[in-house]
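This is the structure I have questions about; it appears just below.
Chains: A, B, C, D and E, in written order; residue numbering restarts at 1 for each.
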Amino acid sequence: MVAAAGVTVLFIPLLALLLDAPWARLADLLLTPETVTAIRVSLVVSLSATVASVVIGVPTAFVLARHEFPGKSLVRTVVTVPLVLPPVVTGVALLSGFGRRGLLGSAFGVGLSNTTVGAVLAATLVAMPFLILSVEGALRSADPRLEQQAASLGAGPLARWWQISLPLARPAIVAGAVLAWARAMGEFGATITFAGNIEGVSRTLPLDVSIALLGDPDRALALSLLMLTIALGVLVALRDRWVPRR
Amino acid sequence: MVAAAGVTVLFIPLLALLLDAPWARLADLLLTPETVTAIRVSLVVSLSATVASVVIGVPTAFVLARHEFPGKSLVRTVVTVPLVLPPVVTGVALLSGFGRRGLLGSAFGVGLSNTTVGAVLAATLVAMPFLILSVEGALRSADPRLEQQAASLGAGPLARWWQISLPLARPAIVAGAVLAWARAMGEFGATITFAGNIEGVSRTLPLDVSIALLGDPDRALALSLLMLTIALGVLVALRDRWVPRR
Amino acid sequence: ASHDREVLDVYAAASLTDAFTAFEAAFEADNPDVDVRLNLAGSTTLQRQILDGADADVFAPADVALLAAVSDTAADDGEPEVYATNSLTLILPGDGGDTDVEGLSAEEAVLDGAVVGPGALVARCAAGVPCGDATDDYLARAGLDLGAVTEEPNVRAVLRKVAGGEADAGFVYVTDAATDDRVIALDLAAAPTVDYALAVLSDEPTADAFARYVHSPEAAEALRRLGFDVP
Amino acid sequence: MTLSVTATAGKAVEGIDGRGFTLEVAFEVGADATVAVVGPNGAGKSTLINVLAGFLPIDEGSIRFDGQTLDDAPGGAFIPAEGRPVALVPQDGLLFPHLSVLANVAYGLRHRHRHLKRQERNERARAALDDVALGAFADRRPHELSGGQAQRVAVARALALDAPILLLDEPLSSIDVDNRQLIRKLLQERRPPGQIQLLVTHGPDHALEADELLVLDQGRLVARGRPADLAARPPTPWLAQLLA
Amino acid sequence: MTLSVTATAGKAVEGIDGRGFTLEVAFEVGADATVAVVGPNGAGKSTLINVLAGFLPIDEGSIRFDGQTLDDAPGGAFIPAEGRPVALVPQDGLLFPHLSVLANVAYGLRHRHRHLKRQERNERARAALDDVALGAFADRRPHELSGGQAQRVAVARALALDAPILLLDEPLSSIDVDNRQLIRKLLQERRPPGQIQLLVTHGPDHALEADELLVLDQGRLVARGRPADLAARPPTPWLAQLLA
């Protein structure tokens, strides 16, 4: 009951958005080279960030779920911090670390700010905590006896991890990757602060939308619909892989 | 290996942030009535949004995980949309839906824009998808035979839900609530667009940070550290409840 | 945040934060029974909220042009009275002691690559933000075409990028340039100016009183200290 | 108080067209009877239990008990598990991992005997645990039990309900010889009037104790009758081996 | 090729101070021997199996096999499960739910017999499945098996390894009479030279077949000897009941 009422409440803004959308001019607004570029940058950045999140995040989640080691709480802190920090602040931190005059930039004479790599870094930092928390939870509630069996059948720690724990956690990994991808896809503050808003380099769809909102609200709405469509397409395509086999 | 390198890379910006922080002036910068107000507003808004997300999101996740019904994909769409929409656009959608001149506002003559309730609504909309996806995944991978046993012992659907499924999904619910709370705590775009940036009403810590960034970067850093401290405090306090009993 | 005081909702552009925070303090000191409550966000965001029917008593955007859309909402008609002006400038990273750029015009610095080489990154406000419109205005008149550009959501973001050395040049207002000694400001030929005016949106006498205060010599003094020109 | 079953039900197997397994049975059981269901692995014994418990709706036929229709396919009445006059010991225990042993046993009482106060409920649950010699384990979690202890808790959980129909799917498989005696005695003595017991077992001695034997093979009922009669002239080689 | 065990190990129980359960045993088993471990529920049989498999490190004593130290407490050598010359049929099957039946059986070969090519591995696994009469089920998922079928797959998975030590924790509990014969024969015939079999069972006939009987109670070894001798003069009432 509560849920139905709640969902209805959430439905209203979406409906309003659809009603307000400039349907007649949609094609005109979206079929521009700028939009195509922004789609490309968005996909490149969000997918790279998702891959990076999975590659770094899944082992991290595993280590956090299964091992005790000195500095564990530091690692946990580092990976969860961007979850609560306003993204703009994350961007500022990235500038301090990897900007032209940042810790690393001044040491090596190069910075990652204002580059596509920088945009990926920003998106990864912001998106990965979602993956880690999701996967860590699943690993924690997995049945350790299956891993014991695998050990007894001769599988070493790495083989057990790869052949047993990981496949069993697959639904959580997929769900976590979807969350991370979605977060990366919508990322704004850290990206614009660290990687700038440069066409073809770091101007992703959300940056385009947020900036368009200031001057050309119709275009912003049209771009939002486009983002929705892409996102829903991906979510629907992934739905089956989401459902775990048992 | 990859993970260790990755975590190290992520560690650098955090370190840079800590190095840049105005430690000497920290107390001066933070011990102001404005900051106290912003903390209060932030906690009220983010905790209310978390409660709303749990109350609406957990049953929704359950229905999505277990039932087939017409319009299911619509519900799924509605609850996952804010995940990918740039928050600013969500704010605009909220204005169209619940502003004074929005769909509902014009019908009933009241609007939620520029109120604390509006800020809660914005944060809920943005945060709830994280909870729903996290909980839905856990419910999907739960052993349905335990629910069958409960049925066979006389428990009806609601009792099974409350006494069996929910407690077994508790780790995922807690993790989802943490994710949602963190997202609500860091929420900026939808809030400022829909609820404004009004002291004591809707000026949460991230909004305060954004203002501080315009004129007083040191204060922005100090506020960020404050947010970090609050967030880590909560995460550490919750850690035990996170670990599922088996 | 006292409940027995009359609340005056002032919607002020985020770029005017310093000025209006000072006004709030001064006005509340003069009128102890009034609680000035600032809503600080981008001018367009505020405008959207007001058009949606928000209970604003005073609207102070970063560009007089933005008042037009809310003017039918405004209680007082007629031409808005400008209380301050500001002008666009080009800033470069540097500690102010750099002499080789002194006397250089902005056009030379950027276009001829005298300071900023090719492939340099220029930060500017996005179109739609008042300082972005001013930048567009300037670039069109000067017939300039910038290379790599990062479009920022507000003028302070531009300042931050240049001051931090992340961008090689940027267009900001004179007032912004004055707040940071890590940038050098170069004068623009025929620099575009922006006029600040406000609209009183309610019938409350307090709102009028606040507007009068903004136009007062005391406020003018504060504005000048922040680098604004006061007509 | 008769249970009458005429049922076809099936389970799908991935990658196999149509049904991977079909159960097709028809039989009747009168009040107070103990029926042993025997048959090789995969014969469909657990499937039958699932059908009776209401976990698996039937495709054809009907299931009736005491004038009530529990399942009437296709399209007819279907009483879900929670509405059936049934208690069940599943083949693999399936204790609730988040509840204490006592709370596991009290769980059914809470729903099937709503009039009981919390304290009475716990007393009855504790008595049921004492019956299976596990009174000392009331406060443990299921994962802190040995295999046979867990199975005895599952038995106590079902017995505590005093249900009209008691379904037991290999209830003694992991229980030691001493406790086997205990529980077999318990099943006979702690029996509410009229209770029907349907017992799946691979143990010949336990099967021989029943009033009637149902022999399943590949989803079909291949023989039924009094155990002594079937032991005397076993109709199938498998049964001959079981009762040898 | 002797297995010698002197071990103290314990399991904690929440809310109970100190150890909830302590196992304290010492025994030796020679090459080619089949040892049956019997005892009431909760005696510590599965705990002993866990100790030998390397799932539970011992607190005191040592475990040695064939000159190699598997566990030497406190602080000494500890060879983890994957390094032990052991194959195991756990009490509750524990098949890998995400792998096909065939892949479950092939899993151990992949790790313990690394020289085998994929195809050889699958052939051996298939042969092991045929041995337990489940060749037709190779492509199924574990959840598509009946209880007894799953247990037979677990047996095949362990047997396929031809390990020097075979640990069997009630391997026949859910298996029907016919297949029980099959698997008992299999255990005797498909036995690599020297293999030690440690068999936990609640079935008297299976226990009597062993070369030696270890009787556990409350974590202690209360009797040991040749089954016939113990049956003739049972040292404990429980054993008398088992072998009656």
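Note that a contact is a pair of C-beta atoms (placed from the backbone, for glycine too) under 8 Å apart; a residue touches a chain by one contact, two chains touch by 3 or more.
A quick note: this is a predicted structure, and the numbers were derived from the prediction, not measured.
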Neighbouring chains shared between chain A and chain B, ordered by label: C
Farthest-lying chain, centroid of Cα atoms versus that of chain E: C
Chain centre separation in whole Å, for chain E relative to chain B (CA means): 50
Whole-Å gap between the CA centroids of chain C and chain E: 79
Between chain A and chain C, centroid-to-centroid distance (C-alpha), Å: 34
Shared interface positions of chain C, touching two or more other chains: none
Chain E, residues touching no fewer than two other chains: 141
Shared-contact residues (touching 2 or more other chains) in chain A: 210, 213, 246
All chain pairs that touch each other: A-B, A-C, A-E, B-C, B-D, D-E
Interface residues, chain A side, partner chain C - complex: 95, 99-101, 111, 113-114, 192-193, 196-199, 201-203, 210-216
Residues on chain C engaged by chain B in the complex (per definition of touch): 1, 9, 11, 14-15, 17-18, 37-41, 45-46, 48-49, 51-55, 154, 156, 160, 179
Complex contacts: residues of chain B adjacent to chain D: 145-146, 148-156, 159, 163-164, 167-168, 170, 245-246
Footprint of chain A on chain C - complex, ascending: 42, 44, 121, 123, 126-129, 132, 148-153, 157, 161, 164-167
Contacting residues of chain A [partner chain B, same complex]: 2-3, 5-7, 9-17, 19-20, 52, 55-60, 63, 73, 75-90, 92-94, 96-98, 102-104, 121, 125, 128-130, 133-134, 136-138, 140-141, 143, 171-172, 175, 178-179, 182-183, 185-186, 188-189, 205-206, 209-210, 213, 217, 220-221, 224, 227-228, 230-232, 235-236, 242-244, 246
